[in-house]
Amino acid sequence: AEKMANFQTRIDSEDRIEANDWMPEAYRRTLVRQISQHAHSEIIGQLPEGAWITRAPSLRRKAALLAKVQDECGHGLYLYAAAETLNASREALMDQLMEGKAKYSSIFNYPTMTWADIGAIGWLVDGAAIMNQIPLCRCSYGPYARAMIRVCKEESFHQRQGFEIMMTLAKGSARQKAMAQDALNRWWWPSLMMFGPPDTDSQHSDQSTRWKIKRFSNDELRQKFVDATVPQAQFLGLTLPDPDLRQDEVTGNWMYGEIDWEEFKQVIAGNGPCNQDRLASRRKAHEEGAWVREAAAAYAARQASRHAA
Amino acid sequence: AEKMANFQTRIDSEDRIEANDWMPEAYRRTLVRQISQHAHSEIIGQLPEGAWITRAPSLRRKAALLAKVQDECGHGLYLYAAAETLNASREALMDQLMEGKAKYSSIFNYPTMTWADIGAIGWLVDGAAIMNQIPLCRCSYGPYARAMIRVCKEESFHQRQGFEIMMTLAKGSARQKAMAQDALNRWWWPSLMMFGPPDTDSQHSDQSTRWKIKRFSNDELRQKFVDATVPQAQFLGLTLPDPDLRQDEVTGNWMYGEIDWEEFKQVIAGNGPCNQDRLASRRKAHEEGAWVREAAAAYAARQASRHAA
Amino acid sequence: MVTNTISVSETPQVLYALRRADDALILGHRLSECCGHAPTLEEDMALANIGLDLIGQARALYALAALREPSLEGGRANTEDTYAYLRDVGQYRNLLLCELPNGDFGRIIMRQFLYSAFIDPYWRAMMKSSDVQLAAIAEKAEKETAYHLRYTSEWVIRLGDGTPKSHDRMQAALEFLWSYTGEMFDTDEAEAMLQAEGMIIDASAIHDGWRTTVQTILDRATLTLPQSAWMQKGGRSGRHSEHLGFLLAEMQQLPRSEPGAVW
Amino acid sequence: MVTNTISVSETPQVLYALRRADDALILGHRLSECCGHAPTLEEDMALANIGLDLIGQARALYALAALREPSLEGGRANTEDTYAYLRDVGQYRNLLLCELPNGDFGRIIMRQFLYSAFIDPYWRAMMKSSDVQLAAIAEKAEKETAYHLRYTSEWVIRLGDGTPKSHDRMQAALEFLWSYTGEMFDTDEAEAMLQAEGMIIDASAIHDGWRTTVQTILDRATLTLPQSAWMQKGGRSGRHSEHLGFLLAEMQQLPRSEPGAVW
């Protein structure tokens, strides 16, 4: 109990908790869950965008997209490493993912139907992710906070790239503009869902806030995102697919229509358009790579024993 | 010896030998080799054209090509069935093919690079095949002769389709015409090689001729093919890739330049551009289908024992 | 101007014909991908046959759509080939079920079985359409799909009740495909109008019979109907999986590489 | 007129640049296909890295080709994107080796190793090119390919000398790829002209060193150099395998679906 009080005192004084510091088991568990979900999201997040690397319409776009998807893999690596500082092995976490026991961001269960989706993901999905993640750069757990600083830096670059793709399309031919609008129509609502359930329904939040893992509520972050994004859409000359959208005269906030939380629940429950495909892809890569990992382990073991001998 | 003399008498009087008739072992062996090579050629021949079914440029062409490749599979089936009348099992023959021990027509070791290749194959390769096969409709072995009648009928239909594709391209845009010419350039010489080595080098021929398995020499058939094809190329407005091509004033035959028999030898020896790909495709289909064949056999056996019980 | 992407005036009749045509084309295309690669020569021929039937149905239905579509600017009309080759992924109206990648022979068979068990009674009922052209298409198609259903039913039974391995593969195929079957029975306002006119039947009316057929065959195949009731949809309104884009990239490459050319 | 297929004036300098650019682009594209699907996250990143390096090299080489190509009718000039997206399969000049399908991770590694063991010393020698732009491209590329060679060598050894299964797979990969290695060392008249000017080196001069590198690594990997001496060729003159057409259909689909659009 004394330890616990000390711990909370450190948190309250904005001290960073490090891997070897004492921490409550629930704090560790919460972090492992959150960090690993985040890591899984990066790895699964490679897939929808990865589907367009081979079809990117210019070499510049192709290189940028490949680099971006590679960055996501890198983010996954940092994050698994952060989770490992909490004694959760990457292998075990990835097994949970492949067994369908671990969550990842529901947004990646939507398909990338056209090239404009690559723009929309960069603009909206990375935009929402940054909104979620910037406060995490000040998370009480040091290794996570440091990973997030790096991640955020790269993601804001990706977000600008995505916006630039949307701009190019929005200023392009009628077909390109329609493509951009269609992508916006499909990605807008799922992006809003990325901030999680409304505050009235959200679990975990109170404790996470006390521990300074979470610094803003889901609805606060969602509102920030909407307020940032509406003017960007206007700038692009695209229409957000929300007839109820209007600016509050007093606060200046953009009030949005009702989110289809039933859809969100279904996607989380495994019924999104691509859940099955995503897990199947991940499992396939894992299974097809088994012989490689085994061989590498066998070789390393033999090298080690040779050196020992 | 008496049997042998009787046998040759029947052959000489243009009698058809049937499956249950006595025949010399060498006759049987020669036929099995020839029929199975022919069957293999049909099955492997599905692959180069099959590569364009999914990319055929109109629905009419797509349906025609799919039907054609299906016909080739059907020809394979008739021919394996003809070989089975000579006590050679389809399974054993296909195993030889997959092990690389059996030959098939060398032409199918060239790749189909563009859509025009589908035209060129229909026109030239089917054209050459028909030239080779029409005499086989009168082959002394009944089951083979009957299979060939059916095959030839379908192939002359395919040949007309191929010519029509070439015509459409030759009358199309500059790019389409260039595509047709390029395909002709690549398929012309390999088509001439389809008739086999020059008569001066040809093995097996004498005995096969006596047995009325073979009725014309390689060079005779090759000449017929060239004579038939040159006017067709002229009609298309395409140029045969042979600077030495000229019409003999006396015979009216078209004299062609020297064939690169070294290339032919290499392709036969397994070094054609696609030998490796073709066998790999066949093996893959076979391996991936193993569980299906096993299940079908298990089911059939169980049904049989249920009926017996 | 030579165009490389068409627009379609999707009146209810046109939309109806395109939906059915797209189902047939995309599924036929998937089957055509296996040509030369099936587990036996007999199955190679059978799958090609089914593919050919479907492509033929698609052509008849596209021709009908072209006939019914209000003519475009400058009097140009769409054709089977402009529908097939010059529409973008979001303009395709096929069931998600039809665009799923082949996977192994078991999944190919199971997909075809689940579809045939729907489409065969569907076309049979459509033979009574008040639209004589649709009725004629239905009559021809039904003859074909009756065979597809028979052929695939036999294989579902054979593989389901074959070896333990084949049983597991078929059960996995069924689970994989199951959530894509609901879309077959969906109708919308556009179709409701045509139903009211007696032009088309209500697809949802086929559901119970379909379920019985499926249950009967699965029982004989010793396979278990999945429990999950959640059903995917989107294809009918142009919201497709990531798979369809790759299929179209390959299929449309040549016509789109040279706008206006004749092949 | 907006065109959807370009013609290229293939002077020796242009042809040279396109050949090297096409090698890099096509191989880079193949590597990009694995992104998200590698056996480990580290290898996923490494393959993407190599892919990015190659695509970068391709862009530099296409830019050089564009600079050296005599200007087209109407003063239009080709660009990296017209070269990549608006040439037909027969206009591509890459090695057959680069277009072969990925296969498993072992084959990907082996292909990259065989290529890197050639191209790294090649670019090192090209750093002395009399053409300053080529020399600069070579200098940048060599830094990258030195890493590719190190990375792939380590994996060839690790997998060759890993488990019996991995050994067999690597030996099979080597046998599969071997006949495609000869084309790397081919030269022709167009290149001979540039060699005479000191602009480029003779690729065949790299052969012995390449062979030594390969032999050394294969020895450590307990793999056996194939006996067969027959070598495939064709890519340099536009005679490609059936694989390249599928790759291009996918890669070029979008730009060719809308001639003249900016993406």
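As written, the chains take the letters A, B, C and D, and residue 1 is the first residue of each chain.
Quick note on the criterion: a contact is a pair of C-beta atoms (placed from the backbone, for glycine too) under 8 Å apart; a residue touches a chain by one contact, two chains touch by 3 or more.
Because the structure is a prediction, the values reported are computed rather than measured.
A.B. asks: Does B-C or A-C have the larger number of C-beta pairs in contact?
C.D. replies: Of B-C and A-C, more C-beta pairs in contact link B-C.
A.B. asks: Return the distance between the CA-based centres of subunit A and subunit C, expressed in whole Å.
C.D. replies: A distance of 36 Å separates the two centres.
A.B. asks: Distance-wise, how many Å sit between the C-alpha centres of subunit C and subunit D, to the nearest whole number?
C.D. replies: A distance of 41 Å separates the two centres.
A.B. asks: How many angstrom between the C-alpha centroids of subunit B and subunit A?
C.D. replies: 57
A.B. asks: Give me the residue numbers in subunit B that touch at least two other chains, ranges are fine.
C.D. replies: If we look for residues of subunit B contacting two or more partner chains, we find 55, 175.
A.B. asks: Which residues belonging to subunit D are in contact with no fewer than two other chains?
C.D. replies: 5, 88, 249-250, 253, 258
A.B. asks: If I apply the definition of touch given earlier, which pairs of chains qualify?
C.D. replies: Chains touch in the following pairs: A-C, A-D, B-C, B-D, C-D.
A.B. asks: Touching residues of subunit C toward subunit A in the complex: what are they?
C.D. replies: Those in contact with subunit A are residues 5, 88-90, 176, 179, 230, 232, 234, 239-242, 244-245, 249.
A.B. asks: Touching subunit C in the complex: which residues of subunit B?
C.D. replies: 43, 46-47, 50, 53-63, 66-67, 69-70, 73-74, 76-77, 80, 115, 168-169, 172-173, 175-176, 281, 284-285, 288-296, 298-300, 302
A.B. asks: Using the touch rule from the top, collect the residues of subunit A that touch subunit C in their complex.
C.D. replies: 48, 51, 55, 111-114, 175, 179, 182, 186, 266, 269, 271, 273-274, 276-277
A.B. asks: Which of the residues in subunit D come into contact with subunit C in the complex?
C.D. replies: 4-5, 88, 246, 248-250, 252-253, 256-259
A.B. asks: Quick check: in the complex, which residue numbers of subunit D touch subunit A?
C.D. replies: 25, 29, 32-33, 35-45, 48-49, 51-52, 55-56, 58-59, 62, 80-81, 84-85, 104-106, 157-159, 161-163, 165-166, 169, 247, 250-251, 253-255, 258, 261-263
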